[in-house]
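What follows is a set of notes on a single structure, which appears directly below.
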Amino acid sequence: MTRVHVWGAAGYAASEAIRLIALHPRLELGVLESRSMAGHDLAEASPLLRRIDRRFEPSGSVLAAAREGDIVIAAGGEGEALEIAPHVLLRGARMVDLSADHRFSNAAVYGLTEWNGYAIARAALVANPGCYPTAALLALLPLASLGEPTEIIVDAKSGITGAGRNPKTASLFAEVSGEIRAYGLEGHRHQPEIEGRLRIAGIAAPVTFTPHVVPLARGMLADVYAVFADALDASSVRAAYARAYVRSPFVRLLDALAPSVAAVAGTNDAEICVTVHGRVVRAICAIDNLGKGAAGQAVANINLMCGFAEELGFHDRAIVA
Amino acid sequence: MTRVHVWGAAGYAASEAIRLIALHPRLELGVLESRSMAGHDLAEASPLLRRIDRRFEPSGSVLAAAREGDIVIAAGGEGEALEIAPHVLLRGARMVDLSADHRFSNAAVYGLTEWNGYAIARAALVANPGCYPTAALLALLPLASLGEPTEIIVDAKSGITGAGRNPKTASLFAEVSGEIRAYGLEGHRHQPEIEGRLRIAGIAAPVTFTPHVVPLARGMLADVYAVFADALDASSVRAAYARAYVRSPFVRLLDALAPSVAAVAGTNDAEICVTVHGRVVRAICAIDNLGKGAAGQAVANINLMCGFAEELGFHDRAIVA
Amino acid sequence: MTRVHVWGAAGYAASEAIRLIALHPRLELGVLESRSMAGHDLAEASPLLRRIDRRFEPSGSVLAAAREGDIVIAAGGEGEALEIAPHVLLRGARMVDLSADHRFSNAAVYGLTEWNGYAIARAALVANPGCYPTAALLALLPLASLGEPTEIIVDAKSGITGAGRNPKTASLFAEVSGEIRAYGLEGHRHQPEIEGRLRIAGIAAPVTFTPHVVPLARGMLADVYAVFADALDASSVRAAYARAYVRSPFVRLLDALAPSVAAVAGTNDAEICVTVHGRVVRAICAIDNLGKGAAGQAVANINLMCGFAEELGFHDRAIVA
Amino acid sequence: MTRVHVWGAAGYAASEAIRLIALHPRLELGVLESRSMAGHDLAEASPLLRRIDRRFEPSGSVLAAAREGDIVIAAGGEGEALEIAPHVLLRGARMVDLSADHRFSNAAVYGLTEWNGYAIARAALVANPGCYPTAALLALLPLASLGEPTEIIVDAKSGITGAGRNPKTASLFAEVSGEIRAYGLEGHRHQPEIEGRLRIAGIAAPVTFTPHVVPLARGMLADVYAVFADALDASSVRAAYARAYVRSPFVRLLDALAPSVAAVAGTNDAEICVTVHGRVVRAICAIDNLGKGAAGQAVANINLMCGFAEELGFHDRAIVA
């Protein structure tokens, strides 16, 4: 059993990570550190954790406990993962950082499982992608083999857990219910993350990115539109997507059905549907922002880092022959 | 035009009061004071106020502006209305207090419009009832003419705006969506308010009160069950309710249809349905917790205080012959 | 008072029209015809209509009652408006058709209030635009003065009332709650309506249109992206939008705030925010799909047809100086 | 592996049963029969079943396939289970009936797992309790050891999946969202089921039962109030509940926390909190109406019928020491 500690353990993504680790046959829960909830039962932080009879530990507990072979999931606030990473690594433990701290750093491997598995398996420090970049990149990266788009538009809709568990007026039920609104009109930190990763893959087109809040706790839908100079052939496009994900157990390419947030909520799955409209390729990708967009992808990455099967622990018996 | 100032103007009930005053033919918006939002546009506090081109004023503005003939709606935090009330009254203005500060005070008239209209019309200081007491008392008070119940149970369900606009984790969309839970199991301040008012009306039975949070922004349903020593006659019970509300423009007694939160949301209406089950009388009452349960009742009370028709300004043209 | 009859009166858009007419100072409710609900009270069809003490009439009632000076709102199923229109006009009454029947017909005036007001005011037969086209065209038409885009993308999110009140599994609460999904991937009838109207305005770019269902009863957000050959100047773009809507009482152009579905729900308002991203112009438009996207626009059109102010009856006192 | 066939397989409870069987280590999916969906993929019936690559079979398939050792879950419409039960049993298979058909029949064992486990383990035909009776009885049955209440009130709130997957106007998103309303005011078939089972346990008090629809897909909260002739001792009451459920792996008795629908959704758990208010005992019980209230309880009963541990297959690794 590999011990996994969670640092910043009371947030939404951390709760989901704890749930997944508790269900995993080869991972076990280590120290669950939370400054704000130290001493409280997990059950108080999330109704999903009522069956896990554990408490949050105070500051410093993860670093005190981490030792060789352990893994630390960093799920704290901005800047905190940058601070603790050297100490974690020094103790011989490895780290998956759910925060944005290492996403632009050369010290970390970018943890987009489907596209970076080889490097993730060998990494001591993995920067887990943002939820929007995960959905957008899964939908866009197969295009790299098809030529160079001139413009890319990402119109994404996210459940409100993406805004975190710290109370803000804008995340209150009464502000989100009955509402859809775009935000970050003046720019969102996930836009350069998407653009940067596309560039590394050879796609240099500018990205216009519009994130939206919708009345949904968990889940994300990203509609991406890539505009090319000339019309594309639909069957070549579909073939490129099929090739890209032929060995990815978590990606479902759909033909007749539309990607569904309800179908992926609570899972590490991604559903993608791609269609061609003259010069425009439209790919729609559904993920759970807390699953594939955060904790699910983290656990899949840990699977790779530990040499387990990518899908180990993800209710594999749900796949019925 | 009577000027109405709002003190603590950025909360949910205050926003609803502002909306109603802006629509009212004989009231006009005075000073809208908010410590936290001073200098900001109303539109930033509530999407319902986008069309009202006004700003929040800083602390002290209401007291500086209030003068004879004006009315002040107090919608601030605990204890604040107690502090400002003497100053408001000294200036010759009158006050409707949405907070709990004056609900147990002899200095104020209890503002349950349907049951206290005569006193409200002559009051300088009205203590607006809590939302739960409003729904529970409308459903229970007609029983006073029917004898003495031995036990009263109030099982009430409220939209989350009842918890206010200050951000709390428990009011986040992701905590309320997909959830129903009772709260205040150890006691809720509205229980003595209900019991106290019943006692004044001659009903001394103990009240077991269970408030619930449901995934709803606005609205409240109170199911009240009064247990009597002997079985009651259904037609006498219905007659008592009909008598109680024969002149109340906002109360609809229903026979075939069940009271509906959707039917009263955004209004000052109350829907009540009463049935008899042996020794148990069940009365179900639906109101909008921000309407009849707060701002709507406040404006109806202001109507009485100004000598206007009780229903003036409440979209009266929606009543079609 | 002008009498307005509603044909197909039990649906969601019809209910909203009835609510607006009942509130209107110069319109009165005529015959409310519904095959499925004939003989039933309005209150049974919609909680919003509890205060309107009227019944649905059986088939044939509208045509029997319609006479010169009356207006008929057609809100029935596909093909029904085509059938009754000649009879309505023959009786000297005028008609606003909420269905798609006349949207491509030369016999009718296209009822996009802000862009066709002159013709609407003189029309005997108005084809009310679809909800998606209303939002998309309000966001796109000001571009006509700025040159020719090469591609247009419309990513739209709609409340489920857009799917109508006839029960379908896909519209059940349990299918819509917790879900976001695109639909009509193989094509939606509103796409040619949008493209056709743009072409008339001189914009010939192909439109890629993605409608989505979101967990929302009422409201619509359309994000439109127009790709130009060269970068545009942001201030010219904003000026074009300002010019387009300078005299439109229902359109709010926003700078700092994002368009909000909650801000326009229950109103005939449209909120639009336009920004420029290199060669891409993004305009986001929020409307109520039952308001500006259906019944609200119908009543505004009736105002024009009757020579009233465009905004008459729309709670005008909410606009406070 | 024991084969489990599902008859009436396209409904909500059936989908949940299929999901649980697919995850179960000792059960396997047999024939999934659905008249309305025959030939269609499971994925079309429910987003929760996307990973299960199976089709619905036409009428008659279950009876053709059922043989000794198999189990049939009957999840069809009223009267259908009565018809097929003899044929199932004749083939040597056993049956768990999710419908109401056998709940009052002596031919079947009442499948309230916690209270009837011994008989269930030996049964060929189990009548699964209704969702409301499950929640109400779990909350009420421990009272049998405490004396005789004089009145019982059950105020229950249910997610809309309880109304089934057949489209009805009252179950549409736009009718349920923003709404809470009681229904069955004139009587609900679960009331005699509750009363009958209480009587068997020695509690003869009349039950006043109020079911409510709340804006929730899955989940149920039942608040039960038992009125006694004299005040009860709180610690004796708590002890009675503790004794009743000491060996029940799915029941959590709560002290400080309130029962939470979100905590039990997607599980077979029940959370119960009991408090004493003079002569009134209040017990609040949260279950998932599709889990413990239907499919979860069915699979737990199948576990007993097969001699497995009661909790086998229910993500047991989520219970962490």
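Letters A, B, C and D name the chains as they come in the text, with residue numbers starting at 1 for each one.
Going forward, contacts are C-beta pairs under 8 Å (C-beta built on N, C-alpha and C of every residue); 3 or more make two chains touch, one makes a residue touch a chain.
Source: prediction; values computed, not measured.
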Chain labels contacting subunit A and also subunit B: C, D
Chain of greatest Cα-centre distance to subunit C: D
Gap in Å, rounded to a whole number, between the CA centres of subunit D and subunit B: 38
Averaged-CA centre spacing for the pair subunit D and subunit A, given as whole angstrom: 35
Shared interface positions of subunit D, touching two or more other chains: 47, 175, 178-179, 215-218, 260, 262
In the complex with subunit B, residue positions of subunit D that touch it: 150-151, 153, 155, 157, 175, 178-183, 185, 206, 208, 210, 212, 214-219, 221, 223, 225, 227, 258-262, 265, 273, 275, 277-280, 282, 284, 286
In the complex, subunit A residues that touch subunit D: 19, 22-25, 29, 43-44, 47-48, 50-54, 178, 252, 257, 260, 262-263, 266, 269, 271, 315, 317-321
Residues of subunit A that touch subunit B when the two form their complex: 12, 47, 159-161, 165-169, 171-179, 215-218
